[in-house]
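Consider the two complexes below, in which subunit A is the common component and subunit B and subunit C are the respective partners.
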Partner chain A sequence: MKTLLSRLWILLFWLALVAVWEISCRVWAVPEFILPMPSAIWQAFLDVEFNRWMAHLWATLRVALSGFFISLAISLPLAIVMLRSATIKKLLYPMLVVIQATPVVAVAPLIIVLVGTEDPSRILITCLITFFPMVVSTITGMSATPDELIELSRSLQAPRYRETWQIRIPYAMGHIFSGLRVAITLAVIGAVVAEFVAAEEGLGYFIQFSTSFFKIPQAFAGLIFLACVSLLLFKSVQWVQQLWFPWSLNNNE
Partner chain B sequence: MKKGWALFLVGWLWITPSVAKDNVVFQLDWLPGGDKSPVYVGIEQGFFSAQNIEVKVLTGRGSTDSITRVAAGRAHFGFADIGTLMAAKAQSPVPVVAIHPYFTEAPHAFYVLSDSPVTRISDLKGKKVATSAFTSSNAFLPLVLAQHQMQEKDLTLIKANVGALGPMMLSGNVDAIIAWVTNLGLYKQQAMSAGKTLRILPWSESGLSLYSSSVIASERLLASNPDLVKRFAKAMHQAIEFAYHQAEQAGKDIHQQVPEVDAVIAKEQIEATYPLVFNAITERDGFGVFTKAYLATTWKYVAKANNLTEDSLDAESAVASFAFAGAAE
Partner chain C sequence: MEKQALQQASIELAAISHRFEPAGDWVIKGLSSTISQHEFVAVVGPSGCGKSTLLRMIAGLLSPADGAVEVYGHAVTAPRDDVGIVFQKPTLLPWLTVLDNVTFPLKHKYGRVSKAESEQASVLLKRAGLDGVAQRYPHQLSGGMQQRVGIVRAMLLNPDILLMDEPFSALDALTRERIGFDLLDLWQQQPKTVVFITHSISEAVLLADRVVVMSARPSSVVEDIVIDLPRPRSQQTLQHPDFAALTARVRTHIYAQVSAD
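Then we have the complex of A and B:
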């Protein structure tokens, strides 16, 4: 009951915000090219055919999710290797920091030229942006395993792989999911950045296209749709954690 | 049995030429719109098919982007500003050449509100002018200002995102903006939504007359398959003529290929672009023909705008030799 009430309050807050936005735009006659009214954005959303929305959504999701899962598949084993070998960590960590510190917007045009204008280049851009938080959170989580547990495992002569799979990784799950939550939203940003540079479809392309044709309400519709998709993906990661790894959640989550 | 095989062989030989089309990639220099319609018209009206060519169109983000992708082999053909191509070739051996002229006048212009005191370019002295950060217009600005006894320091030049230019002018933050005449319809529409009208001051009318947007091709492709390049140029020639003489149909054709492009807006863009494609230059030289004299004039402007010496490039090397005779030949 309490949860329902709190959700109702949140809904009311958002509805009030939209109402204030609509009324302010009408009262002060704010031009559409500066800030379109929510009703104009909604109309612009309806004006675009459903199958066009789905085509753009699929193009963005395809890249964002592919990039996310490829990053996941690479970053977890890499984090394990880096944790077990100080030499590899010393060798790779600075490289990862350099990749993360390089603005992906600056290198995206070069990647497009080198890899091509199809999905692989966009997925690579997404991987570059999502990879770092996954590796860092996994290493941090695994390093945070209490020494007593590791000592216990070693005193029982457990092999290293069991120490990793049965102690370190389960202990790190909370950190790993924190990294995944950050990475999933970054995956959407990565896909959009890539679409800004080269794409024929996708929500990022659609927003850029609408802006270049001065269809500002349509651009806002695309932006809000994109934000909703990002939110849904973020929640999906949370649901996966709640469903399969509930022990990794702390009391506040 | 033998008869069956013979019939199969004859049938296969008969159908093979119509099946084996040349697949090429065309790189736009910006997002699809009315001024990019010829390539879509070429596909929809069958001009490429008639030349046995299958075209895939990619969107781009400026002339430099388009030239880079053609040079890197990611696309075979494209649209790009020949001035940008010349400046690039003067600085490094870029394996790209122009094969067909498209805009034979500069597309750059100042836009002001109709009630603005600015009625001539010389009136801009001391005014605030906004321009997009990456437009090729910026390179030519000092030249057009010099034609009116001004320098860049006589203006307050603000660089902003292209989508912000119109709103900046309409809200009175700047006195004028720099944009291409191809976007007149879009800016007019935006101004109309604010209850205002626009005035345009094209740079071509103040003496900046030069080749601009052109169809480019990979030099490697030209060397390995010159016939394909010539067939492509011929199809583009027909497609450009069709698009600018049947703007309404061209608008529908681009909408058919790119549903996000509004057919009516595309038609308006084509009509606004017409003077850049068919004008006194094409009447003098013929449509689809590069002339050595006009190319030399273009290079003079480009070299000056980019602080390059005129001897840093043989201007004719930026154009495929067959394009001097005309693509339709």
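Then we have the complex of A and C:
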């Protein structure tokens, strides 16, 4: 009951904000190409065919999710290897930092030139941006395993891979999911950046061409749609954690 | 003493010394002691005297820089199957139920748990009064219950030697006393050699056959006191005329270490 009430308040807050926006635009007669009214944005949203929206959505999601999952598939084993071997960690860590420190926007055009204008290059750009938080959070989580649990494993003389699979990785889940929450929003950013550089489809592409044709309400519609998608992906990561890894939400020992 | 000489030695510590860095300060220097089979030995000493280090060396988790640790006549070079450890914290896995936590050593060591083993775990949980919470998760249990699960887990592989590193230190006084008697019950049903590290003098005297007092760093054994209080021990033991005298004796030796520091 209390949560329902607080949700109602949040909804009211947002509605009020939209109302203030709408009214301010009307009162001061703000030109549409500077700041369109919510009603105009809604109209622009409806004016674009549903199928067009879905095509753009699919193009962006395809890249963002492929990049996210490929990144995940690489970063987990890499984190394990880096945790096991100090030498490999010393070799690779600086490289990861360099990749992370280089703005992906600056590298994106070069990658398009190198890899081409199709999906692979866009997925690669997404990977580059999502990779770092995943590796770092996995390493941090696996190193945060209490010493006693590692001693328990050693006292049982269990094989090392079981120490990793049955103790370190489950223990790291809380950290891994913090990394994944950051990474999923970065994945959308990566996909959009790639579309800005080279694409014929996708929400990022849609926003860019709408802006260049001065269809500002349509650009806003694309932007808000994109934000909603990003938010939904973020929430999905949280749901997965709550559903399958509930312990990782409260193991702050 | 005669009785002990007849019994088989379980753990033999021969002039062990240890330091964590090659040129560092000695934590333990020339410590020797013999622990008989199925004896309950409590180890007390000033804080930082290397009690946990000693325990880890018996467990085979740490090698002494000098001297030898022997279990049943074999030098300890790696952890052994017949040694169980109970840690200061319960160290349960938060994503497993109580039952799965108890069988975790089997799953971790062999990769699977048979039905018979799982039933054995249930029996042990029942004996420890934990059968009602077998399907709960650790965070739903009190600290005392969590530690009891930790003890049951160590018992599952039926180790001949049980090493306990201040297992009750995080518990309140009442729970602590009760769980201590529970431990004695389990120990009497399934005799084991117990090395019990504690910083509570009365707990040491109440539970153990022998109290080994360690000196401050670099530590060795300063006193080895036989506790000949009658068994089974209970609340009445606390009122036993010798109890106060023995506790006072242990205390005198520890305080001598602290003031010498």
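FYI, the second predicted complex is superposed on the first by the 250 of 253 C-alpha atoms of A that agree within 3 Å, B and C clash if a C-alpha of one lies under 4 Å from a C-alpha of the other, contacts with A are read in each partner's own complex, and residues count from 1 in each chain.
Simple rule for what comes next: a residue touches a chain if its C-beta (ideal position, glycine included) is under 8 Å from a C-beta of that chain, and two chains touch if they have at least 3 such contacts.
Everything quoted here is computed from the prediction, not taken from an experiment.
Peer 1: For A:Ser153, decide between first (touching subunit B), second (touching subunit C), both and neither.
Peer 2: After superposition on chain A, A:Ser153 lies in contact with subunit C alone.
Peer 1: Looking at the overlay, what does A:Arg162 touch: subunit B (first), subunit C (second), both, or neither?
Peer 2: second
Peer 1: Counting only touches as set out at the top, which of subunit B and subunit C does A:Pro77 meet: first, second, both, neither?
Peer 2: neither
Peer 1: Which partner chains sit in contact with A:Pro170 here, subunit B, subunit C, both or neither? Use first/second/both/neither.
Peer 2: Only subunit C; A:Pro170 stays clear of subunit B.
Peer 1: Tell me the contact category for A:Gly116 with respect to subunit B and subunit C: first, second, both or neither.
Peer 2: Only subunit B is touched by A:Gly116; subunit C is not.
Peer 1: Now for A:Phe213: first (subunit B), second (subunit C), both, or neither, which partner does it touch?
Peer 2: First partner only.
Peer 1: Per the definitions at the top, what is the overlap between the subunit A residues touching subunit B and those touching subunit C?
Peer 2: none
Peer 1: Please output the residues of subunit B touching subunit A within their complex, sorted ascending.
Peer 2: So the residues of subunit B touching subunit A come out as 30-31, 33, 57-61, 65, 68-69, 72, 74-75, 162-163, 166-167, 170-171, 186-187, 189-190, 193-194, 259-262, 265.
Peer 1: Spell out the residues on subunit A that touch subunit C in their complex, using ranges where they run on.
Peer 2: 146, 148-149, 151-158, 162, 166-167, 170-171, 173, 245, 247-248, 250-251, 253
Peer 1: Which of the residues in subunit C come into contact with subunit A in the complex?
Peer 2: Those in contact with subunit A are residues 56, 59-61, 78-79, 81, 83, 85, 87-89, 91, 93-95, 104-105, 107-109, 111, 137, 139.
Peer 1: In their shared complex, at which residues does subunit A touch subunit B?
Peer 2: For this pair, the touching residues of subunit A are 31-34, 49, 52, 109, 112-114, 116-117, 196-200, 205-206, 208-214.
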